[in-house]
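Notes follow the structure.
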């Protein structure tokens, strides 16, 4: 790679440019580095650009010609394969890796915006130590000494490690470090969005946390709040699956949820259901089907009884879905077999989440989808590399541990509980309580800034690693992650997480001394599993060693496939019964349900510091750079509020002040506030912008798994100020005063029926 | 002041009165000048700010790419019309009541063009590259695009400015001579140079009359073309409610309308400031008012036709805009416009009203407000609800735009008053002619004399032969 | 050396007198009494006096006509040429080689502009302006008096002078140059 | 009569086939049955084309610069298939998404009105915008029926803090204040593709799919197809063919029920972007 | 940019009449807003870190330009040779090892520091120029001598020490070449129209706008001092092989080929 000399007074240089050329008719200024070579600085007096050749470049580096490096996207746990476009040692754009079965050359907005995390002006570039109560920047040596003093020697189970969703060799390395440090099992994984409840149910009923969902075979998908196009595990992959599902003969998508998600917006039928009553609806459908189906698969009596006992009128009352619709849906399910029924955040994010998910799979079972559209997984060959998604339970375990004083050192990396967790969990108190808090961080986020020592680490575009996708499109896929350019801030600025951790490991465990760098560690690890890999690359060029060829081969592919045994067919463990759904009581003080809605973009808030994503309008509300609360027109009428009014949303735990957006795609008893904003730190683009709905969540948990019931909070809404500007790109909405932009008679978007579509497509 | 006495004014007195106006006007003059200068300064500041920061500070956006700058441009071009056009037409039709007022009317024309010409410049995104619009042979072998109505504007305005400036100047030469003969100091030098040694010889008078009439013949079609070209800026586009066939005549009528109103305003102002009671008589005001009324009716007719044609064409887009105009966010503007420009002028139907100077003064201002709003509602509402519903949005002009608008009024008034202070704003020689001819017309005997003399002449010629 | 010019310059208070003078002078029947030798100075136009005085040859309108033609042609050439240039430098299908609408407009304006300018030129040519004031030019003329300048042969001086007096000249200057 | 014939000759010159022997005519096809409105294309466009991020205030003033925008409509256009649940209080058939970018019209209204000819039609059938020629009269912006031209109201690049500027794409310029800009069909990629074709020795034929526009490349559902309409076996040409869409809408006689239309085509601007109708199952 | 700057840069211009005309129009119309960008970057007087003797390498030792500027034929940019390249030869040339310039070179090498050259030919940022296409076409298709081809734009380098900017590198100057080549091609697009010809004196002049103190290679052939007339160009392009003519069609006739 070329050594990367970036301009330090870029804007000044271009200001001169603009002056010099502005008159000549260009007010156009070129990007940071010119195309010739790497421009270093400009001398104001003589207006000269320095142009510095590389000292001793590798021969594939050519000025003005781009190269592509294969790596893996770490913007979300989906782990898409990426190709990074490099010019003069700068990464310019991220594109999907066509070889990756997850995304096949495609990339979502978050993946694209990874660049801005990498080049983010707010990245931590100096290690920080807490001196006299506040963090001060220190030299690397000082920081490393402090770190080694703390983590470099054996302890008996005194280190707790809180990490974001993690997999691959990063996970292996962390776990082996903890083992070496004598703190085995102290790795707590916390991530907001992965469906922990769903995983638990899948585990217990289908034998695997994440069986394969075959959209293509399904003729009908009924999704209880699973936003698989937006935020459900692997958006790009499911979007591709969805595209195939939509080819003629076109499958039908039915979305059942209380706040329209991106998936709901693309559904053929979107059904608004009262939050928490999804289980009821599922069971009601179940009972209808059981009655109408002539051949039932064998099923335990109590369960049939439960389904048979469902009181339809009661169901109608609770769910708010009339029985005509219910029967229609049931009949659709029966007619379009095989179908696929999914449950997602809004269904599982309630106190009866586990039951709901169970009911959904019972439906799947009754309809005989298991084995057709729900396919088995092969056994994992390297369990230590499989992804750990974590969840709220692990976070509370961690906090309990801290409270009980079991740990004297707490390490956080890639997670931000201080921002994420509701107020009632009192995370800041927890972290204040920790004797010593080490934070590996890329940005000054809320959690890291509470640490006693902050180690600035490389971005994922500067780091080595391997990674297993949260939802494996193919069994045994392991993607590789490699630095696509030299560190933006040089090694003096940030350091590789793996490097640092390996360094610590060496002090604890002799056998790690073998590797003098993290990349060697990865390389050897990969070399060691060469026999377990499907057609591992062989040498082609003369004089190439086996290992080099292999290494080059897998690096340029960006992933490897591990040989796996043929998957055994799924054996369903039906529960004997399903707990009857809780009755949803009217609540005088807090009449509305609050939904903290996640979206493809800001995700759970970790991307709030990326300008592109801040400026990417919400796919439904079209609002940018801000928070808002979505309210159904009827409710708005009742509350006498209109788009732009400022309201106070109060729960038992506190209140938020946020602008109203009157929004048709939501149940009248629900208000929805998007996640992602409301950072108190986290850099110039995120800090002090909007509100964070998680803060006012009520302490409600799923009975079985103990996961936080994120959709179970009740709130009250009161108007406090009149209409102000709300920053939406749907100007039409605001002009027309009828907060739904219409096409005003123009045929901007034409629509045809599925029947017509199928007919014409078959002809063609 | 009754007109019939106007024939009794001594020629010497005419000189004296008019020349006085150059020397000592009322105090009001200085007050007005001061205020205007201040406005112009604010305008300059605003423009500097905009030049530095970029056009965004004017609070235009997508789809409101055009706003006040353009509507002001149209307004001022319109204002410029009646001056020259009326003067020329009345000259060709030998209406002698034009004589006391045409001078300042033409001055008004000239200066409102100068004002209008500023706005396209302010409006450009990259003012420093404005010269690219000019056709000059250059290294790059690139030419401006003559298909663009904006270029037609450029051509039309250049021509119009030049021609009306010349028309004004030529018409002023004999008066400049008079000034020359009576002035001292720097004024003497100035007038001497400008009057080009005019001595009122027969040959000069003859050449003068011919030239003047010829120029007038040019100016009538020119004035008409100029504003129809400005109209084509809109009519040539495909925007709903801009792409309208009747726009050119509609614009011309509107131009004459606001122009006449402006004449009335300035008429009263000058009359007061420079004490021209003797020359700017109610009779003239009355005639001007009638003219204005007539034109107002023409304009209304065209306006209503436009609405009607849109309505009956039943074109989705255009109808949309029309409804938005009347009931949408800009409704207020439209209704006020309709009141000021359609209802208000009916006051001029009453003689009492027409003969009341100050009433007419305020009415003319109301009409001009109406016409200014008219220009605004031509530009903005169609942009607000265009072909693409997604981009519909409402924008009101920001502080910068408003400042520059006010400044333009200041700029115009300043230039105009300065002109009146330096040059005779009432044409002395033509008033003399008027007086002369009226006197002659009124006394029968003189006619007879003339007859007799003619006969003598014939005799003598026979004698010579 | 050329012969000295003898001029008589008289001022009168109104057109009637001026008229009389002219007719009288014509009656005198001197051979130098032709249009070119009688100059009339006046504050306003006086068509009827000219009727007596006789016409000058001032074909201004021809200038105007040809000026306008030239203007039109130039404008057309300019636009046509520019269109050509654009057409080849930037090929844009859907654009005529020489687009009419714009030509109509530009040619129209060009014709008027050149027409006006040439008319102006003609005016200066035939009115003999710009020029210096004559030494004997009386400022009264620009106010309310009529001046008459007669160029005569010395021997006829008295006769003419008498005529002028008879018609009530306010003052008579005698100029030799 | 003679005049009529003359005009006819001229109009022939005006026709598209003036470019008959030009090898390229770039066109696009977007399948609204596949488009899910996720916005990947929008971000990709930001990354590829050096689009400035303008920030909250400017967005609120309508100064945002997304060349590619995704329009979301709720209300149904007439001719929509939904009958049974019209009176519902929810949009039960979901939203209407449509990606909207410069349609590269062949009779582009923006071209003739530019006083300095900064926008014109390229031989490739692209509607160009030459930034360094633009003087910012903004007439083109008014005249664009799709309102997809974006004006630099400020020098947005000035608030790009180091090191974010290192991401900027050196293949095309960064625009300063006072300049109109718009989607270019990623002309820099087109140019590189031609360059490569030239090296491989077939200068007149860029192979179909040898390059992609940024939006097409990122689209997770592969709803966007892009290519050379003149090349009969290019994917996009085939799509146009089978959906019976002709560039000149007077030449196209479309079977009623076949999908495929161009937005506002009744204005006869001959857009190069074809949309395939959104589909909804009304049985559900 | 101060006015004085403008003035001085104007003074040094040796220009044909029509350019003077253009210039006057500029001055009159735009006053202070005269473009200076194109002329502001004349760096022939700039002190380079090492006074590299092009004359030695190019003239005395007849080293092919593309040996050092190795990217020229495959990339947009010719590229400044990496330090390693200089060392590659010079460590085998002990004779000059102690010359100050070489010492300096080696000192850079030992510290592994890049040499901070000053940019000599700095195109405006809105201009796209690719060396590759020009090299490919003139050297590899026409088979012209390398130095002549490079000389078209970079002047007679073998007489330089450090590189100088000897060509205006303004748009008109680029067009001058391209127009002349267009003459040979069959395509009507880009061929100068009759109306355009009377501007060709402006466009087709090869006279540099910067004053230079050494003989100029003309557009096509370095031996001939003056610009080629269109007729000559035509003859020459008729002599060109067919495939080249075919290739000529691709000379830019579309703004977007150079300005994006």
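The letters A, B, C, D and E name the chains in turn, as written, and every chain counts its residues from 1.
Note that a contact is a pair of C-beta atoms (placed from the backbone, for glycine too) under 8 Å apart; a residue touches a chain by one contact, two chains touch by 3 or more.
Since we're looking at a predicted model, the values are computed, not measured.
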{"item": "Of all other chains, the one whose Cα centre sits farthest from chain C", "value": "A"}
{"item": "Central chain (by mean CA position)", "value": "D"}
{"item": "Chain centre separation in whole Å, for chain C relative to chain B (CA means)", "value": "29"}
{"item": "Rounded Å distance between chain A and chain C, as computed from the means of their C-alpha atoms", "value": "90"}
{"item": "Where chain D and chain E are represented by their mean Cα positions, the distance between them in whole Å", "value": "37"}
{"item": "Centre-of-Cα separation between chain B and chain A, whole angstrom", "value": "66"}
{"item": "Shared-contact residues (touching 2 or more other chains) in chain B", "value": "126, 128-130, 132, 141-145, 147, 151, 387-391, 393"}
{"item": "Interface hub residues of chain D, defined as touching at least two other chains", "value": "62, 69, 71, 73, 112, 117, 120, 122-123, 131-133, 155, 173-174, 177-179, 264"}
{"item": "Multi-chain contact sites of chain E, meaning residues that touch two or more partners", "value": "33, 124-126, 189, 192, 196, 199, 253-255"}
{"item": "List of chain D residues in touch with chain A within their complex", "value": "32-34, 36-40, 42-44, 46-48, 50, 53-56, 59-60, 62, 64, 66, 69-82, 89-98, 131-133, 155, 157-158, 160-170, 173-179, 214, 217-223, 242, 257-259, 261, 263-264, 275, 277-284"}
{"item": "Chain E residues within the chain D interface of the complex", "value": "124-126, 128, 130, 132-133, 136, 189, 247, 250, 253-257, 259-260"}
{"item": "Contacting residues of chain A [partner chain E, same complex]", "value": "3, 5, 17, 19-26, 28-30, 34-37, 39-40, 46-57, 62-65"}
{"item": "Of all residues in chain B, those that touch chain A in their complex", "value": "126, 128-129, 132, 316, 320, 329, 384-385, 387-394"}
{"item": "Chain B - residues contacting chain D, complex", "value": "53-56, 59-66, 120, 123-126, 129-130, 132-133, 142-145, 147-151, 154, 233, 236-239, 242, 383, 386-391, 393, 395"}
